[in-house]
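In the two assemblies presented below, subunit A is common to both, partnered first by subunit B and then by subunit C.
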Partner chain A sequence: MTVIDAGQYDQAALLEVLANVNEPEIEVVHVNGQRYLGCGWKNRKKLILRGTAGNNLGAFAEGPHIVLYGNGQEGVGNTMSEGLIVVHGRVGDIAGYGMRGGALYIRDNAGYRLGIHMKAYLQKQPVIVVGGRAGAFTGEYMAGGTIIILGLNDDNRPLVGPWCGTGMYSGAIYLRGEVPYEHLAPNTTCQVLQADELEPIMDYLQRYAEYFDYDIEKILSQPFTRITTVNKRLYKHMYTGFVS
Partner chain B sequence: MLRREGEIRIPSGCAIAGIINRQGERFDGSAIIASIANMHQRSNGLGGGFAAYGIYQEYKDYFALHIYYDDETARQLTENYLNQNFRIVVNEMLPLRPLRRIVDAPLIWRYFVTPREEKLMVSHLSEDDFIFKAVMWINDCVRGAFVASSGKNMGAFKGVGYPEDIGEFFRLEEYHAYLWTAHGRFPTNTPGWWGGAHPFTLLNWSVVHNGEISSYSTNRRFLEMYGYRCSLQTDTEVIAYTFDFLMRKQQLTLEETLDVIAAPFWTTIQKEAQARLRRQYGALLLNGPFSIIVATDHGLVAVNDRIKLRPLVAATRGSYLYVASEESAIRVVAPVVEKVWTPGGGEPVVGLLKDKEGLIAMPDQQSRSA
Partner chain C sequence: MTMKMLTPAFAVQRDTERCIGCGVCINQCINEVHHMDEDGWMWVDEDRCVGCQRCGVLCPTHALSITEFPMQFRGNQYWSPSHIREIYAQAQTGGVLLTGMGNPRRYRCYFDHLLLNASQVTNPSIDPLREPMELTTYLGNKDVEVPDREKPQLKLKVPVMFAAMSYGAVSLNVQNSLAMAAREAGTMWNTGEGGLHADLREFAPHTIVQVASGRFGVNPDYLGAAAAVEIKIGQGAKPGIGGHLPGEKVTPDVARTRMIPTWSDAISPAPHHDIYSIEDLAQLVETLKVATRYTKPISVKVAAVHNIAAIASGIVRAGADIVVIDGFRGATGAAPLRIRDNTGIPIEVALAQVHQRLLDEGIRQRASLVASGGIRSSADVIKAIILGADAVYIGTAALIALGCHMCQCCFTGRCNWGIATTDARLSKRLNPRLGAEMAANLLQAWAHEIKEMMGGMGINSVDSLRGNRLMLRGVGLERHELELLGVLAAGE
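Let's look at the complex of A and B:
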């Protein structure tokens, strides 16, 4: 495994050095704000990062396994289509923006606009799991995939901010524990899940527990609510001229 | 061959940073330079600047004017005016360090002044309003001159260049302040010139801003009715004047001021007092995406627009409070912090000097948040 000290390079040089490492596993230490790490990577490499990763970590990624020991900033997993990003910390705004495949696991909180414009097609089924809570506009314009918010940090603030699921027309958002109904968009509908209905997300929950060494029983100790959408074509009246 | 629009992409977006020692202990400018330099990519070299509080202990009872001139004529006109209205105790060129990366710098002068007593008496103005009028007059009426800062025991240092170069140019490592703010600029809608660099200041207020104020014209028209002249060609100017108007002239609290500039939506407004403020000062609602740091001699407040369209991170370590556009800009000067968090939209981060805490009630954290 190659170990690289991010402090030794400027932004452009670091990306170039990383792109030219021909080993399956790379560790980067002293990361502090460098952008575009793992961005656009089309490979199966494992990238281990220590520090605070800069904007667009793993953006457009197609396959790499990125593990960040520290916090992410804006745009983590932006438009990624394959691979796995595991953040041992929190992330900023627009994490998983337009995500179309792969998985994003965040140990703590996520910022505003988590998973907006997320989409899915056939075997491309993106998933975001957040251990803490997320800000406003979570899943806005969501068109597919899965967002799971666990609220494990117990800080008495709502699991998601206002306008959750606004303009959403497909996919599902799962909230663990108390649902802030006043923050859900009017086109959404909620269903509290029975124990045997957790099957679609069980694998994701177990992975969260495994990645962050968390007790799965604790995760399962609260009920889950699934948020899906009522109306598939929300804005048809705006572009068809008449309501059919 | 000339490059055409769209062929070059500069993925920037302005950077802001602030550091306060709440015990009032002063530290030199190298930390704030390191912090803003970490976000180099957010600027494009067309503006950088700093505000520093507590730097002029020796002259703390005098107003410190930093004035930029295009030429000697502008300086003479301005100094004639200053001489008539103020007792000038120090009149000097600001010490600078010439750098190859900083070009076309104006003439930059510093004055420590106090209003002439007889002039002040016949004006029927407070000292602050006397200075306010002078600043507006110079900015508006003297061609080729503008006042970069006009407070007591504080100063703004700004210009065209990357912020770390501007910091070196102004020799900020030689100044000691308990509160620093900084800005790296990526001008979008307005020209990148020395007057348009942040911070924007008036008296002890200073503002650094990432974003744009779509309501600029509305805000400006309102402020102009009260004698404010917006002459620096950039939207951020109205934020500085809005704080001066609401908090100094109208005597609103910080909480009320935040309820005006980042008012909750009519659909989510909860308190009648908030609704009343929105009706009364609706023209001072700052609309558009922003993250700002507003500072005075008492401390700083950092806040986002209501739906948080710009990044903002805060952290604490001992007596220090750090705020910045990116967490990395904090970690570069404070690798280990006690607490790090991202405030929600409209949710202020307030850092006041310990002995000034009683002066401003701590604002409600969530009532504006979306």
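Let's look at the complex of A and C:
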């Protein structure tokens, strides 16, 4: 495994060096806000990052396995189409924007606009699991896939900020524990799940526990609520065709 | 529906002496205007007619004529028929009026108030039949003072490209026609924001792929299968709002291309949610450059709006290699009528202002300018180039070349000309080989005309024409309009 010291390079040079490492596993230490790491990668490489990754980590990627020991900034997994990103820390805004495949595991909190316009197609079923809570507009315009918010940090703040699921027309958001109903968009519907109804997300929960060495029983100790959409053709009746 | 208030918009008249009862009109009209009863009598349901003229054109005996319905509203200089009809429609449905194509209203068209120069006596004109004339245009960053990496350029043999029209909004045969025509003519076609169909990947060297707010079908292969990547911020037909492909048009094939579930709505939010500032735009531009390893120019398309010069300056500073300005006449498959008809500014003014602003700021060479929205002829192309464009996009003109009759019903998916539809039966009406030939013919004809007009001005290279506003004079324009356009009045 190649180990690269990010402190030795400026951003462009670091990306160039990374692109030219022809090994299945690369570790980068002293990451300090460098942007676009793993961006556009179409491979199965494992990229281990230590430090704080800059914006658009893994954007447009298809396939890499990125493990970040530290915090991510904005746009983690932006428009990602396949791959796995595991963040041992928190992430900023728009994580998983337009994501259409792969998985994003975030140990702590996520910022605003998490998973906006995520979508699914056949076997491409993206998933985002957040250990803490997420900001406003979580799952806005969501068109498929799964977002899970666990609220494990127990700081008594709402699991999601306002406008959760606005304009959502497919997919599902799972909230663990107390649901901030006042923050859910009017087109959404909630269902509190029984223990035997957790099957669709059990694998994701177990992976979270495994990646971050967390007790699965503790995760399962609170009820889960599934948020889906009432109307899949939300805006169909808003328009009148007209020929001038 | 409450009560009947309107006559049909169109009258369908059948000359029974000519009609042979062949049934072509019945087969051709997806709106079911025509039908034949058991006794062989032909009937029309004019309320269903959208005036696309398909039946009239294909009728073998020319027995049909489609005209505006003769009954008119009482004359009123203030309340026009369209105002009244729109209110009726809204009173009956409560809906936002949805329409297609570009702004058809009567606003001043500056192209029609600009005249070209020609050489007489003192400098010779050039005969394009005898002398070589250069139309080749390169789009991209041409700043030589920043010696970082190589700057990729798009090469166009003719400075006219096919504008973004997504698969879903138009049929695959339309995209296939334009892609083949672009390859034939040495120019580009643009996927729009609906992804790139697998059958069209072979046209990669002539393809511009779009990344819009919905991010449909965007992945490394998509970015790789193109000569350039275009970030779509806005479009002239509907500045400030997003897109909405109705579920009816999302067939299994469209779904596969966009990578969304079949028959579900495809909504593009109004903003890119990762772009709330010029700095954010710079970041997406850079992200796409990194993702494509700096091998392709990155274009940014915006609608022409009030502060377009400052916006364009920001876009160039954000690292865009190509800036596309889409004027308020730009068309679309579906837009709210009020937005289409009342938002944006004319491309001529926007272009002149952007070009001048970029020159004044010393950054014009850092990006190419593409004008789009309502380019109707080679004369509009050449005027746009003189006002500062490097090249133009044509959308509506390209569709007209494929048979579009401008009925503005693109949003219904029931296009009798097989253009703005994903219905398999309708799509087959456009043969892509024939479509490619017609679209390529249009470009060839325009290229010849541009050469002739250039030759008349004594100019043999399109490079010498760009921003060369002494080649234009305005007629019937106010002083401030002339100043905005940067041209003198006719006679000056």
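Following the convention adopted for this analysis, the second predicted complex is superposed on the first by the 237 of 244 C-alpha atoms of A that agree within 3 Å, B and C clash if a C-alpha of one lies under 4 Å from a C-alpha of the other, contacts with A are read in each partner's own complex, and residues count from 1 in each chain.
What we mean here is this: a contact is a pair of C-beta atoms (placed from the backbone, for glycine too) under 8 Å apart; a residue touches a chain by one contact, two chains touch by 3 or more.
This one's a predicted model, so the numbers in the text were calculated from it and none came from an experiment.
When the two complexes are overlaid on their common chain A, residue A:P162 makes contact with subunit B while staying clear of subunit C.
In the superposition on chain A, A:N55 contacts both subunit B and subunit C.
Of the two partner chains placed around the shared chain by superposition, subunit C is the only one that A:A143 touches, whereas subunit B remains out of contact. In the superposition on chain A, contact is made by A:E74 with both subunit B and subunit C.
In the superposition on chain A, contact is made by A:R35 with both subunit B and subunit C. In the superposition on chain A, A:P64 makes contact with neither subunit B nor subunit C. Of the two partners subunit B and subunit C, it is C that touches the larger number of subunit A residues.
In the superposition on chain A, contact of A:G132 is made with neither subunit B nor subunit C.
Where the contact sets of subunit A with subunit B and with subunit C meet, they give residues 35, 55, 74.
On the side of subunit A, the complex with subunit C involves touching residues 15, 19, 35-36, 39-42, 55-56, 59-62, 74-75, 78-79, 81-82, 94, 97-98, 100, 113, 116-117, 119-121, 124, 140-141, 143-144, 167, 169-170, 232-244.
For subunit B in complex with subunit A, the touching residues are 38-39, 41, 268, 307-308, 311, 313, 326-329, 331-332, 340, 342, 344-345, 369-370. On the subunit C side of its complex with subunit A, the touching residues are 9, 50-51, 82, 85-86, 89-90, 93-99, 104, 211, 213-215, 218-221, 223, 244, 246-247, 255-256, 259-261, 264-267, 269, 273-274, 283, 286-288, 290-293, 336-337, 341, 407-409, 411-412. Residue ranges on subunit A touching subunit B, taken from their complex, read 11, 32-33, 35, 51-52, 54-55, 71, 73-74, 90, 92-93, 109, 111-112, 135-137, 161-163.
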